[in-house]
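Written out below as C-alpha cells is the structure these notes cover.
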Amino acid sequence: MTQKFKGIIPPMLTPLLSNWKIDNDGVKKLVDHMIDGGVHGIFILGTTGESTSLSYQTRRALIEQTAKHVNNRIPLLVGITDTSLEESLNLTSLAFDVGAAAVVAAPPYYFHLGQEELSEYYWDLAERSKLPIFLYNFPAMTKISMTVETAVRLSEHPNIIGLKDSSADIEYFHALKEALNRENFALFAGPEEILAETVMMGASGGVNGGANLFPKLYVKMYEAAKATDFETIKILQKQILEIASLLYTVGKYNSSYMKGIKGTASLLGLCKNYMAPPLKPFLQKEMIEISNRLERIQSNLKNMPL
Amino acid sequence: MTQKFKGIIPPMLTPLLSNWKIDNDGVKKLVDHMIDGGVHGIFILGTTGESTSLSYQTRRALIEQTAKHVNNRIPLLVGITDTSLEESLNLTSLAFDVGAAAVVAAPPYYFHLGQEELSEYYWDLAERSKLPIFLYNFPAMTKISMTVETAVRLSEHPNIIGLKDSSADIEYFHALKEALNRENFALFAGPEEILAETVMMGASGGVNGGANLFPKLYVKMYEAAKATDFETIKILQKQILEIASLLYTVGKYNSSYMKGIKGTASLLGLCKNYMAPPLKPFLQKEMIEISNRLERIQSNLKNMPL
Amino acid sequence: MTQKFKGIIPPMLTPLLSNWKIDNDGVKKLVDHMIDGGVHGIFILGTTGESTSLSYQTRRALIEQTAKHVNNRIPLLVGITDTSLEESLNLTSLAFDVGAAAVVAAPPYYFHLGQEELSEYYWDLAERSKLPIFLYNFPAMTKISMTVETAVRLSEHPNIIGLKDSSADIEYFHALKEALNRENFALFAGPEEILAETVMMGASGGVNGGANLFPKLYVKMYEAAKATDFETIKILQKQILEIASLLYTVGKYNSSYMKGIKGTASLLGLCKNYMAPPLKPFLQKEMIEISNRLERIQSNLKNMPL
Amino acid sequence: MTQKFKGIIPPMLTPLLSNWKIDNDGVKKLVDHMIDGGVHGIFILGTTGESTSLSYQTRRALIEQTAKHVNNRIPLLVGITDTSLEESLNLTSLAFDVGAAAVVAAPPYYFHLGQEELSEYYWDLAERSKLPIFLYNFPAMTKISMTVETAVRLSEHPNIIGLKDSSADIEYFHALKEALNRENFALFAGPEEILAETVMMGASGGVNGGANLFPKLYVKMYEAAKATDFETIKILQKQILEIASLLYTVGKYNSSYMKGIKGTASLLGLCKNYMAPPLKPFLQKEMIEISNRLERIQSNLKNMPL
C-alpha cells in the first residue's frame, strides 16, 4: 500500500491573492508544473505552504481546489498540523472526502510536550483518522524532537505509515532508518541538500521545497540516487546546493527560505508573490536580487542532463 | 482609559466537558468564584485556558458564554493568540461584539520571526483591531522574546495599551518597566511568585493562574504590595510560593502546572477535570497527590489574613 | 560562620596590562575603591573577572596580589570554576594558602552534564576542598541549570555554604529561597536589577558587577532593602536600572556588559581598558559613547542619598 | 601540503590511570592498534579525549608521550581548545616542539561570542601559531556555530588549513563544502554515521571516535567511499550504525557516547576504564550491558570484508 509514497513529493506553496484567499489559477499552474516535471505526489499545507498562517476557510478551499485539479493523477497528501486535535480531525475529514491519499501531522506546537504525551497524541489521532498518517518531525518549529523510540512505537499503529524528518540531523535520520527498516514504512528527509545521500541510504524519497520550482531536477536526482549513478549525482548535487545557497539566503531572519521560494515562484509565473501574515513577501530590492540569482541558476540548468 | 486594567486579572481556566465542549455550568461557577474573591478583571483564552488546544467553535462558545455571565461586572480580556492573523481578527470581532474590554495577543508561534517582522505583525493587528490590545511576551512558547525596543515602538500605537510578560526574566521586566514608564500603559508580570515585588516596583498588577483557585489571596497580596505593607507581604508570599511548589509540580514534563491547576480546580468544585488534547488531565494517582497537597494548603490558608 | 557572607560582594574586574598580565596598581586601586565604598566582601575570578580567559599563571598572580592587598580587611572569595577538577583544586589550595574565606565554583562548562553528574561533581569537590564552597548557578554559560533538588542535596554537605544564582530566573530564585531557608546557608542573586527585591525577600546580599564602579550605591541599596525603606529603594532602583540600561548595552553581541563595565572602570581610573581574548575592549567609538553615558550617570549620582 | 590530512583521523581516547595521570602503556597500545588498523592520522586532546577535563600537566604529558610513540609514522594533530588564548598558545608551542603536524581549535566555550569576535579570535590564533590550524565547529559544546561566511573568511589565512565539523547538521556541511571547495583546504565531518556520504560528496575524511575501537572498519569505509563502491558501503554502513546504536546509548544523559567508547576500549584491552571528572566511567551494571553488546558487534564484524 505505501509503495505509492515514494519519490519526490513537493511541499506545495500556497498560491494566494492579495486578500489572502486562494489563487485558484495559481493552484492549477503550480500543480500542472509539478506533475509535468514528473513528481510522484503533492503535499499541501506543510510549512512551505504557510499552513499555520492560513485561516481554516482558506485551508479548506485549498484542499478542495487542489484535489479537484490533481484529479487523482498522483497521490495528494494533506497537512493537518494544528495545536487543536479537533481542528486536525476536521481537516482530515475533508481530506478524506476529496480523495486525498494520506495526511501529514507535525506535533502540536504550542505547549512543550513530553515523549509520552506526544505518543498518546499521535495514537489518538491515528485511532480517529479516516486516512493513513505521516508523522512529521520538525523540532525547530514544534519544540519537540520525536525520539527514535517514540517513532518506533507509533509505527506499530496500522494507520501510521511513514515519517517525514525535517530536523536536518543526519545522525538522527540514520538511527531512524535503522530502527524503522521495514517494507511498509516510508521515510522521507526534508532538506534537499541530502536528497541523494538519504535515498542512496534507503530513504523513500524527498519532500523538497525546490521541487515547486524545478521539479525535473529533483525527480532526476531521485532517479540517479536510486540507480547510484554517481556521475549524474555529482552534477545535480552542485545545482541543488546552488539553488539553496542563492535562492534561500536573501534577506535576514529565518524566513529567507519561505520568502525566497515564493518570490522565485512568482518570477517563474507559477503564482503571485503574496504571503499570509506574519510573513511578508520580499519587496522590490530583494526581488531584484532574487531575479538576478534566478537568471544565473536558469542558465546553469540548461546544461543539466534533465 | 487603561486605569481599568490593573490589579489581579486571572487567566481563566476553560471548563470543559468530556467531549471538549464548553461546560457552561463550570464557566458560571468559576467566574462567580473569582469575582466574589475580588479580582479586577478576567482574561480568557490564555495559555492557562488551553486556548490553542480548543477548536474555533469552542473558543467562540467560551467568549460568548463568559461575556454573558460576567455581564460587565468587571472587564473581560480575550486571548486572540493565533498563528493566523485572519483567525485572530475573527476572534477580535466576536470579542468586540460581546462587549469585551480588550484583547491579548502573543506572537504567532509557528515560524521563527525577527523583531521587525514581529513589530509589523502587531502594528497590522493594531490597525485592524476594534479593541485595544495587550502584547503578551512568552518566549518559552512562542520562540521569540519581544525586545524592549520592539515593545517601546509598539507602545506608540494608540490601540496598544499594555503588555503581559510571562518570561520570568526579571532583568527584562525591569528594563521594560523603565522604558515604558507611562501613565497610560499597563504592565503585568505572569509568574505569581513575583506579584508582590513587581507591583511594589510599579507593575499594574498580576495575571496569576493561582487566582482561579484562591482569588482572595492574590487580591490581598496586590493590595499589600500597593501599600508596601511588608508584614502582610511576607506572610502571603510564603503561601503563594507553597501553592506553586506543591500544586504545580506533580507529574513530569512541562505540563505539571497546567494539569495541576485544572486538577485542583476540579477538587474545589469549580469545574470538571477534563483537558483538551494534546494535554491530558491527571489520573487517579496524581489526583490523590494533588488532593493531599491541597488539604495542606487549605489548612494553612485558614491562618492567612484574607 | 556564614554570617560573614552577606551584603554586597562585587565580582571584581581583573585589571590587566596590555600583555594580559595582572596590573598590580589596578588591583590596589580597585580593591581600595570598593572597600572605601563599604562592600562586605570581594569575589575574584568570576565571570565579570574574565576568569576563564586568563592563563593559570595569571589567575594565580591575581589571587596572590589581591589577597595581599585586601589583607583580611573583608572576606575574599575566589572563583575556581574550571572544566578540570584538578585545576579547580589547585586554585583552591592557593586560595587557602593566601587566606581566602571561601571559593566559588560554577559547574564544569564543556560537557552537557546531568543533575546526578553535577551533584557528584560538587560533592567530590566539597570532599577535597580545604575551603568552604559557594555553588554558582549560571545556566547561560554552563549549559546546565542546577535544579532546586540538586541544590538542596548539596546544601547538606558541611563544606557547601551558599549559592550564587545568576540565572535571572526569579521563579527559580524564589523556589531556591523557599527550599534552602536556613540560618547557615547564604543565597545571593546576580542581576543587580533585583538586588532590592531579593534582599527584601530574604537573600543574603548581591554579587553585583556595578559595585566595581559605584560601590556606595549598591551598599546603600542593600541597607535600604534590609530596612525595607521603600522611599530610598525607589530612588536608588531608578539609578541602578539606568546604569544597566546605559553602560551595559553599548556594542553588539552578548559581551556588551563585559566590555561596558571594563571600559567604564578605565574611565573612572580604576584600571586600564585591556581585556583577555576572546573578548576585546571597546575601541574609541564605543568608548566615546560610554563616556557620554557615564557623565549622565555621574551627574544623577550627585543627587542620590549616598 | 594539506594532502597529508585526509582519511581516517581518530579523535584518540586519553588512557588514564586511577589518579587521572596518563597511562603510558595505554597510549602505546592504543596508538599501535590504530596505526595497525591503517588510520591516516591521530588527533589527541579532542572532545573524545576528554581534553577539557584534564589538567595542563596531564595534557602536556599526553602530547609528549603520544608524539614519542607515534614517532612520525603518521601525522599527529593536537587539540588546543581552551577558553584562554594564552593556554592554547602554550599547548601549540609544545605541539610544535614535539613535531606535531597541526593543531585543532574549537571556539572558546565560556562566553557567548559573536561571529566577528570568533573570527578575530581565530585570526589572532593563526597569526601567533607555529603550526597550521584546523577549525573545529561544535556548537553543542561551544554555544556558537561558525557561519559559512566566517569559515570562508578564516580559510584565507595561510595558517588555517582545514575544518572539522561536529554539528551533525548536514545542510551546514554541504554549504561549507560548496563554499570551501579548494584543493588545499581539508574538510572533515565528525559523526561516523555520515562518513561514507560526506566522503562521497567530497569530504577529506572522517574524525570518527569509533576508529579508536575498530580502525579497520572505518578505514575500509573511507576507501569504499572514495571508490564509490556501493556494495561495500551498504554492508559497512549497517555495521557502523550498529556500533553507534549499541555502544553509544547505554546510560542516560549526554555522556553515553563518552562513557561507552571508553568502557568498550577497556574491554578490548586498549586502556583502563578511568575517566577524568566531571565524567565518571560506567560501573559494573552498565559495563555488563556494554560487554554483551560488544560481543554481538564482534561476532558481526567477523563477517565484514575488512
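Annotations
To keep things simple, chains are lettered A, B, C and D as they appear, and every chain counts its residues starting from 1.
To be clear about the criterion, a contact is a pair of C-beta atoms (placed from the backbone, for glycine too) under 8 Å apart; a residue touches a chain by one contact, two chains touch by 3 or more.
Please read all numbers here as calculations on a predicted model, not as lab measurements.
Taking the mean of C-alpha positions as each chain's centre, the chain lying farthest from the centre of chain D is B. If you lay the C-alpha trace of chain B over that of chain D, the rotation comes to 180 degrees, to the nearest 5.
Here the CA centre of chain A is 50 Å from the CA centre of chain C. Separating the centre of chain A from that of chain B, both taken as means of CA atoms, is a distance of 36 Å. Shown for chain D are the residues that touch two or more other chains, of which there are none. Listed by label, the pairs of touching chains are A-B, A-D, B-C, C-D. Interface of chain D with chain A (complex): residues 168-172, 174-175, 177-179, 191, 193-194, 197, 200-201, 228, 230, 237-238, 241-242, 244-245.
Touching chain D in their complex are the following residues of chain C: 20, 47, 52-56, 58, 83-87, 90, 107-114, 116-118, 120-121, 124, 140-141, 143, 252-255, 258, 276-280.
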